[in-house]
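The structure that follows is given in the form of structure tokens.
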């Protein structure tokens, strides 16, 4: 078994959840790596959509931006951005949306807008982009984020995209018919909303990770499921495909690997 | 001078009003003949748009339907019908819309929907199609219709598209910023809304047509302008181009010329 | 993923009595072969949705299969009336919900976009809103302007004809595309007939109009399936038939005899021969 | 009809102090050459509208030419922050109107459609409506559902980069087309830079994305004009530059020196050479 980084196991754990039947709305970075890893391993028929308008795309290298030419070159077709957001995302055609964020709370609400007051920001982040409507319009949401107490926070200064609000039932109360976040893949563990309360609960620890390490990366007192599993270790195949993908990508982007 | 039919002079009179700068939303039949006659004579750069989505089209024969392949083959490009109605017609990009109808009243309102009560029709007509929004969204409207007391009626049973309502100021009262009908070309004469009342007024008689003949084709007492002109006779060039166009068209549609 | 089926199975499986169905195609690519299969199978109480009912709905309405017609222009383009539809409406035997083209186009787009309604600037000063209670309005929350609304069209089934499908079941449209893509995306199920099935679409414009396989329910190869409408690059519109239809449909007995001989006794295989008469050289 | 102009004249004629301007291009075809000309000419008090401000607005904001920024995602894609924009916002030196992508895309489309606002299903449960008074709602007149609204975007000027223009001034786009077409149709005036001017577009998809000449104000030939963004079929995205920008923009003095050397002392002719380094073989 090769050694692998926490970031690699986070990507691999996300990839494993995807199937040939999924239609994924893919964000840049970890989600893109996870989706393409799934496509290049166990889910060759998975459908990948990037918000730049590329439908059913099959990139050979990972895009740096959401709209790299590679995505268009390998797409079935490319639609305008208004059509993408109206007919494809809002149209309810996406089974899985991937999100990340600067900050997450215990109900999987996300902040990518601002730290500090909105009108007098301490840190101005990039903003929501597609996230608010990805969070509400996709069948379910997978979140990938590395843990840390500045990221997994007790209280968000700003809700950029809605997870489970203040708990179970809040989505339904807003008229949302989609599931919202069902999985949070981190560098240390996998969390899922508790079926009764919707509070994020650790369901699986990555190999070699302790409960204390996970708690150290989270600002609120973490709940653990009754049976916490161990995330299966990364396989040789998963690692080699993922590393090949990253190596091709770095070369393509003109960055020393 | 060749002899020509009332229908021919109606088409020719309409064609003469068009310029290279116009962007016309073209309906089937007389409007299509008039627009293409203009394009093939004095206005080669006129822009023709058919509601099927064809932008800047240059048909060599007249289409039978609004969506003949000829229109697409000779278009700059072809957009979807929702885009056509949203961005091009409603978008305010059309300078001149052509309309006809089964019936017209003295304020150039049109009926193409029904004769008799809507729920128990005496004659069910095809309906409005694009007309309601052509009438409101184009810069101005040219109407072509053959006269007759069943067509030029005192009172419409149904207003399919809005002209000048019950008179001057009614368009503005509805919030319409477009001019509405500015010309009505018939087989006998040309009418224009009176600048003060918006009531249709005969401004020009076709060669050889008398005031009595025009009044006989209209169910309301017609007003005549202070100076009624004579429509210039059809020229040899206008007639030969128009007849060639019709002959090519009949041949292309598989109908004996 | 789209399933490749026979026309008989596709219609029998996906269209039921009482369904609302949109057979779209704006002059171009009207799904006649599929429409004739519906006539042979005899589904009843249909709500027929189409901007321009065209001959295809004149036939289905004339055969008594429609409960309601949702439309914006019910004529024979460039020819005159659709006599069967006209008579059924005049006799009060079919319900209608009538809109303008702008309203219908917006309603299909809203359906595809999963919105409950569409907003547009229309119906100013006209009588249709007085007779169609589904024409309503909203007030712009910024300017106070009152705009027209129409409910989204969300049919049970969309039926369209397209140029090509590939082996994965992706569907390519080109030319006058009307509201076909929106109709499929707005519907619960869809049946798409195509001129041909190819291994792959090959080099193409990056923005080609394509319905991905996972948005389509069933695909059927029916060469010529749009005749007497047309398929860009394959065959031209049979304008002479549109003109001839006026006489056929004017008299109900003549109409029924024509339908018996040409539709009920026919099958989808007859379309290829009709289309061949109007074939165009491939681009 | 579109007028063929020099870049200097096109920007000087059509962009004035205080204008609202949308320089669009979703990753692809971002109009950098035109943006740099705006920086050289120094128009002030601009309202800059763009879904993804990208480096182009980091540069213009960093040069102090913007009064207000209307946007939905202000980052350096795949890299991190746009440091100039971030600092200006954090210091309160530029006003912002912030939306989501869905809202901005709908707002451009509504502008192109000459509607005062757009309706969409969005902003559920999130905080942006609390800080942006332009996010409002309407109630569906059929279902009672409350939906989000956004005012239409109607800029004074749209600036885009496209692949080709023909001699009549029609403009061809292909690939990731973003909201460029909508931006031009929504604006009072437009400046379009293109890779090349051809006699005619030749054989093409019947549904190619084309802006007719009479919808465009000015056309300027600037080969490479989208670098470090890209032009499909001409040259690739200069991803290394996007990564390198992070260091350049982090420090204001470094940024200003870079702008002095690479923009203020430059001209549109420098873009061709940059793009040549990333040239792709023609399709």
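Per-chain numbering from 1; labels A, B, C and D assigned in written order.
In this text, a contact is a pair of C-beta atoms (placed from the backbone, for glycine too) under 8 Å apart; a residue touches a chain by one contact, two chains touch by 3 or more.
Values in this document were obtained by computation on a predicted structure and should not be read as measured data.
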item	value
Pair joined by the larger number of C-beta contacts - B-D, A-D	A-D
Identity of the chain that, by mean CA position, is farthest from chain B	A
Distance from chain D to chain B - Cα centre to Cα centre, in angstrom	40
Inter-centroid spacing, chain B versus chain A (mean Cα positions, whole Å)	57
Whole-Å gap between the CA centroids of chain A and chain D	28
In chain D, residues with contacts to at least two other chains	109, 113-115, 120-121, 145, 175, 177, 182, 204, 206-209, 232
Residue list for chain B, restricted to those that touch at least two other chains	72-73, 78, 86, 90
Listing of all chain pairs that touch each other, if any do	A-C, A-D, B-C, B-D, C-D
Of all residues in chain C, those that touch chain B in their complex	26-28, 51-52, 71-75, 77-79, 81-82, 86, 89-90, 92, 98, 100-102, 105-106, 108-109, 120-128, 131, 145, 175-179, 181-182, 209, 230, 232, 236-240, 242-243
Contact footprint of chain D on chain A as seen in their complex	28-29, 51-54, 63-69, 71-72, 78, 80-82, 84-86, 89-90, 109, 113, 118-133, 136-137, 158-162, 165, 170-171, 174-176, 252-255
Contacting residues of chain C [partner chain A, same complex]	109, 112-115, 170, 182, 185, 206-210, 212, 214-215
Residues of chain B touching chain D in the complex	23, 47, 55-56, 72-73, 75-79, 86-87, 90-93
For the chain D and chain C complex, residues of the former touching the latter	113-117, 119-121, 134, 136-143, 145, 147, 149, 151, 174-175, 177, 203-209, 232, 283
